[in-house]
Each structure stands twice: as structure tokens, then as C-alpha cells.
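One chain, subunit A, links the two complexes that follow: it is found with subunit B in the first and with subunit C in the second.
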Partner chain A sequence: FFFGVMSATSAPERTLLVVIVDVNSHNWGQVPHKVTFDNMLQHLMFCLNAHLQLNAANTLALIASDHNRSEIVFPCDSFMPNNDHVLYFDDVKDAVLQQLHAFVESSSLAGSTRKMGRSTLSSALSHALCYINRIVAASPDTACRVVAITVSPDTSSQYISIMNNIFSACKLQVAIDGCVLGACHSSFLQQAAELTGGAYSKPTS
Partner chain B sequence: GEMDKPWESIEEDESGNIKHNKTLYVRRRMEAEEEERVVRRGVIRYVYVILDFSEGASEKDVHPSRHALMLETLYDFLHSFFDQNPLSQMGIVVTRDSAAEKLVAFTANPQALQNTVEELYLATGSGAPSIENALNRVISSFEDVPGYASRELLVLYNSLHSCDPGNVTDVIKECVERRIRCSVVGLGAELFILRKLARDTHGVYNVCLNEQHYRDVVLAQLTPPPSPAFMEHEETAELILMGFPHQQRGGATLCFCHRKEKRQTNEGYFCPRCHAKYCSLPTVCQVCSLTLVASPHLARSYHHLFPLGRFEQVEEDTPQEDPSCFGCCMPIQGDTDLPLRCPKCRQVFCMECDYFIHKSLHNCPGCA
Partner chain C sequence: MAGPNDVFSYLVTLDDRDKDALYGEPFTCMSVFRSLPPLAQQIVLRVLIPNCLVSTVFGEQVLQDFAQPKDGQQPIQKLEDMEALQPLARLRVCVSPTRQLHDLSLNPPFRNSLIQGLAGDGCMDTNVQQKKQKALAPDDPVKLNDYAWNTWEDVLKLIVKNRIDTENQGLTELLEAANLIRVDKRQTQEGKIKMSHQITQDGFQFLLKDVYTQIWVVLRQFLHDKVDAQSHKAPEYEHMKLKILQFLFRLGYSKVGTCYSRQELDPYVNQWLPELANTFGIVYVPRVKKKDSEEWGPSKNKYYVTPLGLHLTSRSPNRPLFRNPDKDHDAGSGYIIVETNYRVYAYTENPLERALLNLFVDVQYHLPNLAVGMITRESVLNALRAGIGADQLLGYLHQRAHPEMQKNDPVLPETVVDQVRLWDKERSRIQVDQATLYKNFSNEEEYKMYKAAAERSGGLLYHLDKKQIVVVSRDCEARINELRQQLRR
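== the complex of A and B ==
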């Protein structure tokens, strides 16, 4: 009946993992512990492979975020998602690396140094949530998760936008995980992880 | 008379799938217009809901009955109210048998209110409603409400009459003097006295045509109303004292919110002024009356104060093959979908993303 209906917490049919990768070259250059972008990509590929192996129906999406724009790089025009289509890691890996490469190449280096240090985390999270909203509308039994790998410090003018993103994520039951590779903690990602039930980590080595 | 035939407006495409209804979209955009204005709004709201539980509530002209529709809509309203207005409080008053009874006084706890609504679902309407008694019952409760808060009444009315002991217009004048904004949602037909109540107190009065209209009108009350002009001239407090306790762990101690059950917990929030312990936020400290909140609670109200502008329809003069939506990167099919452009970043979005962005996200992905 209306009041007593609780949604059954059955195991979801599939999981959608949305990864947000910060490709801000200015900030990658300032990362301590000698972690390079290629290192990170290697580890990321392992994780994506594992994710796709766990369940044949698992899907993923990748969003690249730069200092002045962020875009969904995967799925892209040549690789549109299809519910019946099983994603094989080999195909995915090539497409992802190619798209990321193209995105980084096309990022403009114009602009002052101050502006180069910014991040577009709120824009990337908004993209992620729009995509998730679309996928969940099509197949409601998808569990979704967002993982943000960032190197840039927080841009305080984005506070309101990020809080809006967090509340929207709570409503969609999407957990936001944060992995900070930069020098300082990101309080935005800490709040996001706490409020949405995700995990936050800042590796020390 | 003519029967309403909503099934005739459904269209199918070649493969037998149902086409999206563009009129639904137009309706959604009309709702968005109202919310778009950037005005001063009272975000801290103290709202009393007055329910008409008289004989009129048992009428079955709406499905399943007026009383069921009223309670179902109220249940959803409660749930979303504290989500969108976390610093607010709500109470419930019921009017029947020519009297009014306060069921729940002002509280910030949605559970208590939801339990009351569930109990009411089993009750039946009887007698006549009384506007005067209902208003008298709530007016005195508003005395303790702080000056900076927005005082509101939401009346859900189901009858065509009211049984009042004295002069209703005197009570309405009192509401006006005490700055209580009364909005009414009616089923049946319009009543002069309710129109007067809403107009004099700067509220809104809607008489609903059907279930969907009723729901839309009640849920429209979730947005804080614009502060009326008279409040601008008043000496309202510029700074409001609030406490922001951190969660702390320690030995097992008693908390103030569950002192009757003598519940002991290891963690809790301690009031920064008097160190009384509470299990959850937001709340008002019962010892020193300090409002205790966490910063996300304040942030939940920001989207009312800084609303996102409406997206414009893209002109058809540059026909191109299906563009991709910037938000979800899926193609926008020309026949079932409408491309919409953000006026600031000039990116194009599909209908689904536009609805999601304006209803839930309140952020444009293109405007970083």
C-alpha cells in the first residue's frame, strides 16, 4: 500500500561506473610522490578491466575534466552504449585511451597561470549525473557509482554547484568516491563522499 | 456529458513504441517559469497545515476520494518539504464537527508528521469544517516564532461551507496583522471567504480540476514564497545565531532528544553553547534555544535563492542531423525530442536532461 511500500533491496542487475579524470596538465606537473599521469592511467585500466569482468552487464563511462571544460569522452560517437551489448575490455581500452588523448591534445594552453590551476569538478559531476539519470531512466535496475580522480585544489566559487550535485546524487542514490592525488585535501570530495555514502582517500605514497 | 478520453492523445511510431508527449514538456516548462525569478525569499519557514476533515472529504469526485488524495499528496509534500527547506518546521491541524484540533505542534521531525498522516488515513470525515476555529487554533502558536522566519498556513479545503461561531473576517484581519501568509488549495468550488483570506494575506488560492492539478498545486508550495513587500521595511534581524556542532564520539551518555527513553549513545552532536547532546541535526536546542544545523542543510536552500535560468528552444533555421545532448552525449531525435540551449554557455541539451537539470540538479553542466 502507499505508505508501507519499501523498495526491495535486491541485488542490482548491473553496475554503471562513471570515472571522472582530471587532466589539468598544470596541476599534474605539481603532483608530489612522482606519480605521473601514465601511472595513474595504467592503474585505472586495471580497475576498469576488473569492473567489466565482475558482471557481463556492467558498463562504464569516462569524463575528462580540464581547467575550463569537461566532457564525456566515453561513450563517444563511435562507441554508443547499447543495453544488450557486452563491453569487452579490449575494445573499451583502445577507445578510452584514444579519446582521452584527443581531449588532452585539444585543450587550449591560452590563459593566465591562475586560471590554469582551476578545476571543473562541478561541471564534471553534473555531466556524470545527467548521464546516470538518462541510463537509469532506460534501465532502472542499474546501480551507479561515480569515482573522481583529481589533482586540482578546490575552487571555492564552485561550492554551491557542488552541493547541488551532491544533493542530486543523494536523490539518485549514487555514491561519489574521491581519490585525491594532488598536494592538498579536497574538502568538497570529503563532503561528497560522506553525504552520498562513498569513500574518500588521499594516498600518501 | 462528454467523457474525458486521455488514451486518445497517445501516439505510436512505426515500431509500436509510444511517442513522447511534447505537451507534457510544455507544462513542465511553465512550472519552471514561476521558480525562475530571483527574488528575496524566506527560507526559514514555519508552516501549519490545516486539513478539512468534514463530510466533504468523503466525496468521491476525485479518485479514490478527496480525503485519500489530500493525505497522499500531503505525505509526499512532507517528505520533500524537509528536504528542500531543512531549517523549517511544520505542524498539522484538523478541522471537523465545527471544531479544530491541533494534532502536531511545530516540529522539525518529519517522522512524527508522517506517522500522524498515516493514522489519519484510517479516519473518516464528519460534520462541518470551521475556518474561524482552525485559524484561532494556530494564530497563538505563531507568537513564539522568531521574527526573521516566514509564517505560513496551508489550508487543504474540501467543502463548500464553513461553520463559524463569530466573525471570520475579524480572524482574517488578525492573520494579516501577524504577517501570516495563508495559501489555500480547494476541491469543489471557489469560496469567497477563502479567496479573501488568501488575497489579504498575500497567499495563493487554487481550486483544482483533477488529481494531477491538485498535486502540482500543493507541491508548488515547496518553493519558499517571495517575501512580501511589507517585510522589506521592517527591522528584520540581519544576523541569525546558529550553532554548527561536529559529531563527537565518547563514552555512552544520555541525549536530550530521547531523554524519556533514556537512550545512551556513544556519538552525538553537542550544542556549542550549553553542551546538551542531540542525536541528529537539524534541531533546536531545548535548553538554550539555539538552532543547530550542519552546513549542507543551509546549502539545500541555495537553489531557491539562486535559480537556474530557463533553457531556450533552438531555432530550426540551421537543420543538421540529430545533434548530441551535451549533458548525456546521446543523440537528440528530432521527432520525439526537443533540443534546448542554455543561454550562457550555448550548449544544447535534450528534453530529459533539461527536466533533470531544472528539477533536481540546479546546475548547468556547460557553465563550469
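== the complex of A and C ==
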């Protein structure tokens, strides 16, 4: 199925797309209707490629978030963009998949079930916004968007941090899109999308 | 220059069958997608996966709103009328069986190939070479860059030079066919035929354009002359042109410096590859020693893509527009400084660039790394007379402006820009006609007769009743002289 969220990026100038991927393996196992992680990755790659094709100067960043940590997975140290600053999709795809794989492998399996079910959406959002801030300071003409793909339910203790994130996103003029693949709606993402001018979708098939 | 200046405008001129055949390759579709305006890109993306009509996704009312020209006019029904969809229709990305707006959908071959390309299935297989035992080291990007620019500059030098270069007979014919040079054949006293060529007006304009337009114009002629000519001979060559075009689009997605295998290419493309390399510099075929002999010949197995080839089909703002002589800066930074007192300083050693500058700047001093000159009325008028437009001239300077200059706003000094435009307008302000002035008539009757005669013959340029002066153009002087003879008698 095609992410309706993807088509929300329409800026003609160079755009930075930051994708937050929830790799919480516990919650992925509980996703209904036959959506698998690999499946999602395939579609995600498609969207990323389309994004890169829209404008030759478009750039990407990927953040993986687990139950206890979140990291900027791409761009990483081992990925060397060449002199022309052209992102070749093959390189990007390989690097992204490799890094995600490493991230998932290294996630610790210790901890109680309750803790495992958490999501670290707020820390991932903060990561994303800090990265965007850095990039915008370097090249001010970049438009930015954040797309969050989650499967985990909302953790109510993160409410305040997420609201802070939303307000800073408004200030930076960054739209936050949300795509929820889990069982229940995420009101945090709904609020984020509405306040920052992004899109929210929860596919049903 | 006549004809499309851009690969994508050229695509518009192909007929539908050819376009559909072209869209069988994923890279072609990706390149075309990349070149579309943003709105068109969005439309394509949204209709891509669901494979439905455009009006289903957008709603017919929305489409009408997009296309609403003025208030109170009839709603747009026909495909051609809607401006936002024009590129899609012309490139045959979207088709409409009934030529109506509500029936618009994506062209199936385009759609399939685009999906394939976006999913990453059409990626070039570079692993084939790496698996082999031999160390096929990727070529040095700097060397490839130099090769590409040198090759293309040779072409430009040929246009600018006056002597004929007998080795490059094929290239000369190509340039002549593209109307960039004019070849004169003269017979010398010994009976030998001596040829020289001169640049044409189109050629002047051509020189000042950016390199990718230049390459494309000559490439287009090449495709027309050489490839189409062969294709008429044998029917299986029919698709040669399309294959080469597909290959060009593929280049836009390759990496500079990686070695690609020639064996995987289409045989038709393979046949023309050395020529593409030697004439245009968009690919590079290394020279290797042939088996069992000491001769060097072009490699049959590998080729590299050069920066010029990479950016030929892309419209990326990062692409280098001209060769940079200064190794410190990134490719494409400028080297010309224009001052408000009309002095021009060009930090370049490249003889071709100096020659181009000579076209419209009065170059006064040549230093090892610098050319100093002034923009004078004569130099600019010379250029204008040769056919270069004022805007082209200014565009050329603007493109190559030094980074320090580019910090100004506007980049070029206004005085210089305005003055060049004024000199250009001057040429059309005054019109010079050869004429004769008649005055000191004996009486008013005579004056009136002369004036009437001139008016009748259509050569009356100016008359003044008060002073009894008639100015007649040279062409009509004969008639006036007749009148004079009549009156004398």
C-alpha cells in the first residue's frame, strides 16, 4: 500500500526529509493485518527514491527508534557522498538497510515486557529537530519535513516532551507527518500533524 | 538555432510510437520525471500506484480550478488547454483516449517503467566487473573531468578556428550540418582544393550558451545525420536512435569513475560508443593493448562516465556549467570580474575562454593567469553585429562571474548592464538609408512636382515645405532623374 503521507511533500526547492522509523520489535510483532517490517521497508525505499527524484538537491536522513534509544542512522560515517553532492539511490539504499540492520541487532532484549512496549517518539523527534536545525543553519534555503512511522502506542509520560517538540517544529516551520501502522490511533501524532501542518494517516488495509 | 535545445524538448518532437518505445526503460522514465515541473511531478506521483484516472484522485473540479484561465470563460474540456498538464501531455507521460480532461491517466509503459525504476530494480550492475580477478581500478575523477572538457573544447576550438583540420572531417561536416560553421572550398593555383570555414551567426550564439545545450545541439545533429542515415539502410537499425537516447538517460544515473562493462550494452550503442567518447567527451573508453600485439586500441570491455555525460540529462542546479581553471574552488566557480568603469578582469589561462572573451571585450593585456580588457562601444557593437544578443552576452558574464562578484546584488554592475542594452537598442534606433537631397527649387510648383513624383515612386523619405527640401532614397533616384530631364526640356 502506498503511503498517502509521501505525496504531501511538494516543495520545489531543495527539501530535507527526515524519516523516523520505529523498530521496536516487540510492537512490530503485534501489528495486525499482515504488514511486516520488510514490507514496510520496501515501500519506504520506494518513497525515498521518489523523494530524491523530485529535486536533484533533495536530501535524506533516517532515525531509528527503539524502546530505549533512538539514533540517527543515516547519514552515517561510512556513507561518503561524492563531490557532486548527488545522492545515488543504490548507495543510499544499501547504507540505510545496513545501518538499520546493525541497529536492530544491537538493541538489547533485556527488560520487562511493559518497558519493551514503550516508544521513544519524543526523543526521536528531538533528534530530528536538532539535526534539522543544524542543516538549516548551514544551508538556509532547505525546506524540511519529518515523517514518523510508528507501531507503538502512545506513552502518556511523554506528552509534555512531545508538545515541546511540536512547538519547536512550528517555530522551525517543519511539518510533522505521521503514519501509524499499529493497532490504535496515536493522538500525539494526530496533534503533531495538525499543529505543524503535516498529514496523518492510519492505513486500514 | 532551430530545433529543440534540450533533450526533453526533443522528446516532445518524437512521434508517439517512438515515445512509447523509449519509455520501456526505467532510467528514461526517471529522467523525464525528474525534469518535470513540480506540479506535474506531484500529479504523476499521486496517480502512480493506484493507477486510476487523474480526475479520480484530484476531482474534476480541482482540475478545472487549476486550469481556470479567466473568469466567465468556458470550463476547460480539452487536454491541450490546461497549462499545468501541458508538459505531461506533450511528453506523453499522461494520455487521454478521448482527449478530454476527465479521461486522463498515466501512460502504461511510462508507469510500469517508473515504478520499476523507483523500486530500484533497474540499477546498473556494477558488481560484474568487481568480481573479476583483474584489478579494474576506478578511474581518477579528475582525469575523467579533464578528458571530458578537453574533448569538448576541441570541438569549440574547431568552430572558432579558421583553418580547416583535415583529420576532423566528420566533425566538420557535423558542425556544418548544424549550421554552426560555413565551409568554403577554394581552389588554389596548383589545383588543390583548399577548405576554410567561417563561423556563422548561429555559431556565435552557440558559443555563448552553456555547455550542456552545446553538447545537445551537436548530439542532436549527430543522431539525425549519422544514426538516422544508417537506419534507413536496414530496417533493424530503426531503433538505434532510441537506444542511444536511452543510453544517454542511463548515463545520468551512473557514477563518475566507476568502470562499467561494455558487454552489457546494447550492440547498437556499443557500436557508437567510441564516437560518443571521442567527439563529445561524455564517456571515456580507455585504451588498452590489443591481444597478441603491441598496438593500442580502444578497450572492448569497459567504459567510464564523465561528469559531462552525467549531467547531460539532468537539470540539477549543482552541475558545473563551465570548466574551472582554478583547482582550489569547486568546479564551476567563476573567473570574471566586471568593474563599474567597464574594465574586465578574467582569471583564466584557457585559450578558448580567452578567445570567447575576445568576441565582445577589447582585451588589452595578456598576463600568464589573467586577461585584462575593457568593454567598449566598438567591441560590443562588433559582437552585436555578428549576431550575439545583448542578453546572451550579459548572461555569459553573469554565469562566469567571480565568487566575489556574486556577493554583489545585482551581480553585474548596473551601469555596464544598462549601457550594453542601450548599445543594442541603438542599432535598432537609427536606420541608415542611402538617399539624395534636393533643394533650392526655382519655385513652389517644381517642389510640389518633385515631391509628388517621389511619393508616387514610393521613395519619399523626408520633405519640408517651409524650406522646400525633398529627400529621396537612392533606389528611386532614377525616377526622379527622369522627371528632371522632362522639366529641363
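Methods note: the second predicted complex is superposed on the first by the 187 of 205 C-alpha atoms of A that agree within 3 Å, B and C clash if a C-alpha of one lies under 4 Å from a C-alpha of the other, contacts with A are read in each partner's own complex, and residues count from 1 in each chain.
One rule holds for everything that comes next: contacts are C-beta pairs under 8 Å (C-beta built on N, C-alpha and C of every residue); 3 or more make two chains touch, one makes a residue touch a chain.
Nothing here was measured: the structure is a model prediction, and the numbers come from that model.
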item	value
Which of subunit B and subunit C A:T142 touches, first, second, both or neither	neither
First (subunit B), second (subunit C), both or neither touched by A:N24	neither
Which of subunit B and subunit C A:K171 touches, first, second, both or neither	first
Touched partner set for A:S123, first subunit B, second subunit C, both or neither	first
Of subunit B and subunit C, the chain that contacts the larger number of subunit A residues	B
Touching partner for A:L54 - first (subunit B), second (subunit C), both, neither	second
Which superposed partner A:T150 touches (first subunit B, second subunit C, both, neither)	neither
Which of subunit B and subunit C A:N133 touches, first, second, both or neither	first
Intersection of the subunit A residues that touch subunit B with those that touch subunit C	2
Subunit B residues touching subunit A - in the complex, by the definition given at the top	72, 75, 118, 121, 296, 299-300, 302-303, 306, 324-325, 327-330, 352-353, 356-357, 360-368
Partner subunit C, residues of subunit A touching it in the complex	2, 6-7, 10-12, 42, 45-46, 49-50, 53-57, 82-86, 88-90, 93
Of all residues in subunit A, those that touch subunit B in their complex	2-3, 68-70, 72, 75-77, 80, 120, 122-123, 126-127, 129-131, 133-134, 137, 158-161, 163-168, 171-172, 191, 195
Subunit C - residues contacting subunit A, complex	30, 33-34, 37-38, 41-42, 45-46, 48-50, 117-120, 123-124, 141, 253, 255-256, 307, 310, 314-319, 330
